[in-house]
Every structure is written in C-alpha cells, then in structure tokens.
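The structure appears right after this line, and notes come after that.
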Amino acid sequence: MKQWDLTHIDRRVIYLLVLLALSIPLALEYALKPARMEAAERAFAVVQDLEAKPGELAFMSLDFGPNSLAENKPQAEVVLEHLLRKRIPVALYSQYYLAEPFLESIPKTVVGRLEKEILGHFWEYGRDWVNLGYRPGGSVMLQNIAKSADLAELFKTDARGNNLRELPIFKGVAGLESVKLLAEFTSLVGGLDSFLQFFQKKGYRPFFIHGCTSITIPQAFIYLDSGQLKGLLEGIAGAAWYSLLLERAYPQRRPDAAQIINTGLGVAHMVVIALVLLGNVGFLIRGRN
Amino acid sequence: MGAAGVYSDVWTIATILVGGVATLAIFSFLIKENPFFRFFEHIYIGIAAGLGVVVTLKNFLWPKIFVPLFGLDLVRFPDSTSAGVYNRGFLLYLAPMLFGLLYYFIYSKKYSWLAKLVIGVSLGASGGLAFQGFFNQMLPQLASSFKPLVVYGSEGWNIGRSFSNSFFVFTLICVMYYFFFSFRRKTATLDKISVAGRWLMMVCFGAYFGSTVMARMALLVERLQFLLGDWRQALLLLVLGA
Amino acid sequence: MNYRFRLIRIFTFLGGIYFFLQYVLPAKLGPFTFGKYHEEISNGFILMGAMAVGLGLINLLMVHGSRLVFRRTGWVNSAALLLAMALMIVITAADWLRTQKIAAQAAGLDMLAQFSRRISSDYQSQRTDVLPFWERNRLLLEAGSSQLAVVYESLEAAANLAGRSTDPALKTRLSAGLQETAAHLKETESLLKELELESSTASSMSPNEDLARALGRLQVSWRELLGLQYASSITRKVYDFLYQGLFMSLGAAMFALLGFYIASAAYRAFRLRSAESGLMMAAALVVMLGQIPLGVWIWYGFPELRLWLLQIPSTAASRAIEMGAAIAGLVMAFRMWLSIEPESFR
Amino acid sequence: MTGLEHATLGVLLLIGLIIGPVLVYIERARRDRNLYVRRLPGVDAIDEAAGRSAEIGKPLVFTSGLTSIGPILYACLGVLFYVARKAARYKLRLLAPQCDPTVMAVIEETVRDAYRSEGRLAFFDPQSIRFLSDEQFAFAAGYMGLVQREQIAAAFLFGSFAAESLLLAEAGQQVGAMQVAATTSPEQVAFFICSCDYTLIGEELFGASAYLSREPVQLGSLYGQDRAKLVFMVLIVIGVLIATWNQSLAPYFWGPGAGLIPDVMYWLHYELWAT
C-alpha cells in the first residue's frame, strides 16, 4: 500500500465526495443560510410592492427544459409563491415546448404547499392562476401580445381547453397594460432578448424580473444595469435568497427546495475548491522534497 | 409531480422505475466500465437511432416535402371544387431526393466516386452559405467591440468603466495577435504581447470552467432529486406492493 | 486531372453558387427577385442530406447485425440495441400515425367550415363557374351529417373511457371535454338544418357564416377530446415509457455525469505548474467562490469580481478566438467551394 | 439577431479584403516553398501519439464530435488524412466513431483516400468508421464504451464540441491514452486543456493541416488569413479611437455635440449593416 499522496487521490473518492456533498442536504432536507443577493432582493421588492386591481394580472413565462430544471424551477416556484400569497392572479405560459409539463406541475406544487400551510385558504385554477400552455412562434407571438387590445381574444383558450372569456381571471383584462409584471425564467439568452425587445408597447412596459442560470448571469447583468430588468434571480443562489426573504416576510413558512439545493451546490463547490487546494498543497510539498 | 394521483397508473410507475435504473446504470460507469452500463449504452443508442429516423420523417420529410409534393395540403370540397391549386414545381423535389441516393455508392468499390458528387455538392453548399453566416455573426460583434477607452459620466471621469473598456480592448488585441501564424516576432515586445494573449485566454478558460461547475452540479442535483424522490417512492411502492 | 475529378469540382461549385449569389446580389435584379424560392431551395438541400439517414442505420445494422449473427462477444447487447431500435421505430411511428389521424379527423370539420364560408363568399361575389349555392348547401348538409355521425360515435367511445377510467383527473377532464363537445355538436346540428336548400335567392348568407363558426368551435373541442382519449391509450403509454423512462433519463444521466467529471478534472489539472495553469486555476477559483455563499462570507467582493472576469476578459478573449476562427473558416469555405486544393488531398 | 439577407457594398469590400490576400499568397507560396510558420506544439504531438500507438499496438481514435458538414469539418479532414496515412503505414487500427451520416460519408472517403495514397487500400476496414448516434449524449455514451473496451492508445478530438467534450476527453484520460484535441468553441477548450495532453485552440485547428502538409495552397491561405485578420484588427483600433474621441474626449473639450469627427465606423455600422 502506497503512502497517502495528495496529488493522486483516486478519482472514485472524488466522485464519492461530490455525491455526498450534493445528496446529504437533499436527503436530510438541511439548509444553510444563503448569501445575500442584491439583484434578487430587488426582484423581491418589485413583487412585494406590486398591487393588482381587478382585471390586472402577472405574466410568468417558463422557458426552460430539463437541462436547467435544477436552477430555473426553484426560481419559478418562489416567485409564483410570492405572487399567490399576495393574491395577484398569474397567467403561466411558455415559449419552449419542453417546458410544457412544468406549467401544470409547478403551480400545483406551490398551491399544494400554500394550502397546507395556510389552512382554510384556497387558490383556485381559473381565478388565481391559469395555464396558457406552450405557444409557438417565438418573438412573433410576443409582438402579437404587445399589439393585442384583448388578450383573451388573442390566446382564446387555456391549455386545458377552457374558453378564456369564461375564466374569472380574465374578466376585465384588456391588452398589455393589464399585465403588471412579467417574470421570465430561462437558460437561453435569446429568449430574454426577445422579451426585452418586444414585450412592451408605446408608453408602457410591465415590470420585468428575470431568472437566469449561472452561465447566463453576465449577459443578464447588462440588462439589470441598464434598468430594463427590475430584478434578477441569479441561478439557484438568487432563488435561495428570495426564499429566505419570503420566510422573513411570512414567518410560518418552511424552508423549501431552493435553499436545500443551494446548500448542496454550495457544499459541492467547496469540495471542488478544497480538492484543488489539497492537490496544490501536495504538489508543493512534493516539489520541496 | 404530486404524489397520490401520479402513482395510480402502472405505466407511470414503470416509467419512473426504469428511469432510475437507467440513471444508475450510467452512473455505474464512474466505478468502471461494466456489463450493466454496456447494456444500457446499447439500448440508448438503439432508441436514439429509432427515434431519429421517425423524427426526420415526421418533422421534415413529411410536412416539408411529401405533403406539398403529393398535394396533401389541398382541401377538396364535397362539390369537388378545391381550395388552392397543386403546384407542379414541387415535383422538382424529386431531383435532390434521387441525387441524395448517390450517398449509398460509398459502399461500392467501383462507383464510390459517384458518392463524391453528392458530397461535393453538400460541401459546396456549406461553403456558399458561409458568407452570409460569417457577416451576420461577425459584424455585430465587431461593432460592439468599439468601446471608448475613456468614459466620462455625469459625475466626471468614470475610472472603473474606463479601465474595464481599456482592458477589454487590450485583451481583444492581444489574443488576436496570439493567433498570427505567419509573422516572425522580431522584438521582445511583440513576443510579450503574444504571451499576454495566451495568459488572458487562460483566464477566460478558467472563468468559463468555474461558471460551468454550477450548471453541471445543478444537473446532477436534478438527477439525485429524482432518485431520492419520485424513484424512491415508486420503488417503495413496488417493494411493499401497495 | 481526370474527368471524374473535374466533374466533382463542377458539382461542388454548383452546390454553392446559389447561396453565394443569393447573399452577394441585391434582392432585386431587374425582373428577378432573388430569394423568392429560398425556403424551397434550402429544403431541397436538406432533403439531399436527409437521404443519408439510411447510412447510419446500415452501419448500425452491419456492425451489430454481424455481431449477433456470428455470436461474437457482446452479441446480447447488440441484440438489445437492434430490438430497442425496432421497437422505438414502431412505437414512434404508431404514435405519429395516431396523432396524424386525429388531425385528419379534425381537418374534416375544418374543411366543412371552409366550404360553408366559401359558399357564402362565392354567392356574394356572384361566381358563376360553380354550382348554385342551394345545391352546394345540399352537398354540405350531406357531408356534414355524415361527419357529425362520426363525432357522435367518438363521443360514445369517450364516455365509455370516462366510465372505465380510475384516474380522477382524467375523468374530470374527459367529462368536461365531453360536455363541451356535445354542446358544440348540438349547436352545429341545428345550424346545419337552417341552411337554405330551396330558394334561388337567399336573403342573407348568415346561416352559412354561423355554421362555419360553429364548426370551428366543434373542431377545437373535438380535437382536444380525441387527444385526451389518445393520451390514455397503450400506444401513448409505451411511447412515454420509452421516451421519458429510457431516452430522457439516459440523456439526463449522461449530462449529470459531467458533475462528477468536472470535479475530478479540476482536481487533476489545476496545479501551480506554470503561470498559465496558475492563472487558469485562479480564475476558476474566483468564479466558483463568486457563486456560492462561502465566497461572500470570505470576501464580499467575490461575486462582483466574478462578474467582471466573465464580462470583460472572458468575453474579449472568446470574441477574439471566435473572430479568428470565423475568418479562417470563411477562407476555408471559399477554398472548399472553389475546390482550391492541393492534389494530394481528395 | 437575424441579420442581413443580402450583402451591401461594404460587405463586398470586406469579402475582397479577406479573399484577395489569400489568392495572392497562394500564388506566392507556390513559388517560395519555405514560408515561415510558427511552431504549433500540439501538431508535433500528433506524430508522437501515432508513434506511441504503433509502439504498444493499440488502436487510434479520431472523432470530429458534433461537427456538421462545413469549413470546420474540412479543416479537420486535413489532419484526419495525415493521421490515416500514418495508420496505414504502420498498420494501426484507426477507429472513427460518427454522429452524422453525411459527415460519415465524407470521413469514410477521406480515410479510404489516405489508405489508397499509401498503397494499402486492402487494409482499409469500413467497419472502423462506426456510426454511433446522432443524439449528442448517446454518441458520448457509445464513445465512452468504445474507448474503454478497445483500450485505445491515442485519441484525436478535432472539430466542434459541446457539453459532451469532457465526457469524451475523460474517457480517454481514464484508459491512459495520449490525447490531442482541437476546437473552435471557447467554452469547451478549458475541459480539453484539463483532460488532454495537447489542445489546439480556435484558429490553430485551421493552421494544423497547413503546418503538417506544408502544401503551398494551405500555407498560402494561412498567410492570407493572417492579413485579413490584420484588417479586422486595424478596424477595431480605428473604431475604438473614434468611439473614444466622439463619446468622451470631444464632448469634454468642445461640449456636447461639437467637434465630432466623421465616423468611419458609422459607415460600417449603418451603411454596411442596415438595409
């Protein structure tokens, strides 16, 4: 048996460490306090100050597939939860066909959790939220939304086939000016670009908050700096901080997946950093001998 | 996915179960290559090949070629009038179709040069297409590189942005310089620019590496969540026979 | 240079000439409008490439088929591969055909709606080269009645399914769909009866217009119902099993492997061997520290430094790399198109 | 951004500035065969890897990853041709896993030509050009299995790669193969640097074939390409200087809107770019 060599740790040991770092917080539902994210705090403030009169609603576009699920889904969940807590009606929609199942599953989980936490309160489909489904057409569709004077006419039916005119959520909804907030979650830079460009009309632009993945943070920050984005959830860290802010605002709330996943990812990063440092320590010691 | 309703269906449970088994099979490669991985590797390739064939037919050949070619999109009314007229021009699609069949001559020893004809056409086409692609990609990038080296804001000289812009341009020039193959570097300064270019590239690669760590770990978390969540529940259901 | 080589050169040149000219020449050149058939021409080229799909299949069949036939090592896996491929082709094709059939059924109603609208517009524009409108209405009634009979039949099947289903969610969705479709069906039926079949001058064509709208509504809800029915069929479930259970899971697992590999690659490669590897390591560490809570606790500036690294030097360096490669690529493309090649190669 | 459907006059000028020098230098290279080319260590490693493979008698792997038919593939073919000739000469097994049927046809023709040019066509085994899958990760899974089962001695990863780059490179690393990689995607270079012995970055992929063959056509176009790049560099310098003057210095010295110099880059931006 050879001596412990820090420069040649077996790769399987490394795999095991990564696996443990990620799965222990998941299995134990354990969460560390996330770091403060200023951009996410701005997003939180936007939603917190939002008020919707009858005939007004928020738009959420979930444009992510299975590949960025782990980062985008917790973001969508915390923002949706915040909106529902504030009783702001939400219309969910997607430009990306792979996101279709999440338009149903995410609101259902969030509503389920809320109804368990706040007994006696209910969030109903068609009144508090609606699933407009996947809509192909990309930026052309966005231009149509911006031009439309009657969104119920434009979208016609929801994903379940209901006539939008018959749903209470669309009562009194006119064109884009009825949309108070747009929240978009994606790992694709192109998707964000076309929303910034087309989801507005002369003299009116809804508040725009965005959830991006860790890879696209640099591009998203350009728009945050220019003021086109009013808030930004930066990867899982942004979602975790948002989740903590929710906990502070609603003390009976329990920690959710965002903070747990954030803990796991943080620990996994620390494992990688520690391994790199260890390898270098071993390398330097060996060099000296 | 919510709990109770989803598990009522045998097929859904089977789908979740096999998903977990497949995931573990792939992960087993981490220990070493083994028959379990090998089996699922072959299944994966088989399924992808089958899917690919039908998807080509379903998403391209059928709607874009066969439907207009056979005039299947023309509506015939009960009084035998119809909306739209058949365009015979679509018969021209038969030409690339037959020509594309020349690819199969690569299996012939004697006539394999015929396959080179169709290969040539596809190389030529991608060559011709490259011009538009190049300018549409490069010109916006070029224009957005014109950053002022000195920036004055409303509060006077903005040192931070001036430095960032200058550093951006410096990096751009150094790295571009590194890629000159044919100029002899006669002076030490020019040599240093090239070295700086290489170092700055390493910073870029390191930064990309670091930011990718998060994305890859996040994908792994998603799989672990699935294994510890849906899959564990489905497995329990199977074992307990509930 | 022999004639084959020359022929290949000519074909290569011809292959690129359209796309080159289409870009280089202005949109309008005398009577010509360049790019009028751009989509069709592009499709032609894609079609040519799509014909090669079989090459991959033949290769797989040769490699794995021979392994299976001669029982060479790994023949069981090869058998699994071929079986999975065949099964996937059959199921995906069946799934496609079923959805195609649903679309075709719904299109039948859509055709009637178009016909009804056309009868009205032809009457208003006093077209004479078609049958008089009352006779066309009679044909419409005939075709419509038989179409509606088909819808009736499928409603029964859907009601049956709703009765048998144990899934409460599916049950409610089915019965909602049934109700809606039945309502639209009634409406369409009564409108069909109001069509003008006798008189040679109609006071208004509004029955035809109303019918077209009703048919449109019926089409939407019926299609939804058929889709719902299909979603609970065995074909669809086997497809989901193969697609979600195997294909997507295997892809996600392969992608997730990268999480392990990236850690071991970082450990192995990030060493202070030279200035280059040191810089790469430092940049990676800063970026990693900038995206986790630990980094912020060590120094508040890590996230900002991370952002700066990615926005300024990384963007500039990767832009320079891409620019250089793109220029080289363009030169290569030009050589490729005109076959400016050394003789030793090709 | 969808960009322009048709070129403008300015674009035509730029095309001339890029292509012109290439044609001139190809002519020059035909006359002067000793043109200078900077040393590329990664390219020297190609010989080393082939030699190693011959020493231990295990196969070589060449993959162009997700590259589709186009200039990048064409650049890889030069290297493949070189590697395949070596394989033919030393009677090595050369495996070429594929993910695109049309590319497979091109690769097969190139390898066949290489064997023919060594007079060893009889040794060419069509089954060594193996189609794996056109699905990114199914291809990667097949590649990983192949590399492990064949215990390869050397791997060449040339072309366009995406997220699967690290999977491919780690597979080779695990069996101790000597690996040379080359890619134009900046995001993937880092992973190759971590797992391969030599990595050619960006444009070096295009330079490799010229360096190996020292053919006048390839050397000449390398020279021309450098001059074209110089044009772009000069454009950037001019553009930056004008931007600095017009956006910062002129408003500072002369007040807003005054003292601006006519913008060549405005021409580039609008005349050239907008329709």
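We just call them A, B, C and D in the order they show up, numbering each chain from 1.
The rule is simple: contacts are C-beta pairs under 8 Å (C-beta built on N, C-alpha and C of every residue); 3 or more make two chains touch, one makes a residue touch a chain.
Because the structure is predicted, anything quoted here is derived from the model rather than measured.
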Q) Which chains are in contact with both chain A and chain D? A) B, C
Q: Considering only C-beta pairs in contact, identify the chain pair with the most of them.
A: B-C
Q: Just grab the chain with the largest centre-to-centre distance to chain B, centres being mean Cα coordinates.
A: A
Q) So, what's the distance in Å between the C-alpha centres of chain C and chain B? A) 15
Q: Report the inter-chain centroid distance for chain C and chain D in whole angstrom, where each centroid is the mean of the CA atoms.
A: 31
(Q) For chain A versus chain C, what separation do you get between their C-alpha means, in angstrom? (A) 26
Q: Could you check chain C for residues that touch two or more other chains and list them?
A: 22-24, 49, 52-56, 60, 248, 250, 252, 254-255, 257-260, 262-264, 266, 268, 270, 280-281, 284-285, 288, 291, 310-311, 314-315, 317-318, 321-324, 327, 329-330, 333-334, 336
Q. What parts of chain A, by residue number, touch at least two of the other chains?
A. 11, 15, 18-19, 22, 66-67, 214, 217, 235, 265, 268-269, 272
Q: List, in ascending order, every residue of chain B touching at least 2 other chains.
A: 26, 29-30, 38, 41, 44-45, 47-49, 51-52, 103, 106-107, 116, 122-123, 126-127, 130-132, 137, 142, 145, 169, 172-173, 176, 179, 201, 204-206, 208-209, 211-214, 217, 219-222
(Q) Following the definition at the start, I'd like every touching pair of chains, please. (A) A-B, A-C, B-C, B-D, C-D
Q. For the complex, which residues does chain B have touching chain D?
A. 26, 29, 33, 37-38, 41, 44-45, 47-49, 51-52, 103, 106-107, 112, 115-116, 119, 122-123, 126-127, 130-132, 135-137, 139-140, 142-143, 145-152, 169, 172-173, 176-177, 179-184, 201, 204-206, 208-209, 212
(Q) With touch defined as at the start, can you tell me which chain B residues reach chain C in the complex? (A) 5, 8-9, 11, 14-20, 22-23, 25-27, 29-30, 38-58, 60-61, 64-65, 75-79, 81, 83, 89-90, 92-93, 95-97, 99-101, 103-104, 106-107, 113, 116-118, 120-132, 134, 137-138, 141-142, 145, 164, 167-169, 171-176, 179, 197-214, 216-217, 219-223, 226
Q) Which residues of chain A touch chain B in their complex? A) 12, 15, 18-19, 22-23, 26-27, 66-71, 105, 108-109, 112, 213-215, 217, 235-236, 257, 261, 264-265, 268-269, 272
Q | Touching residues on chain C, where the partner in the complex is chain D | A | 22-27, 34-35, 49, 52-56, 59-60, 62-63, 250-251, 254-255, 257-258, 261-262, 264-266, 268-270, 280, 284, 317-318, 321-325, 327-336, 340-342, 344-346
Q) What residues on chain A touch chain C, complex-wise? A) 7, 9, 11, 14-15, 17-19, 22, 32-36, 66-67, 157, 160-161, 214, 217-218, 221-222, 235, 237, 262, 265-266, 268-273, 275-276, 278-280, 283-284
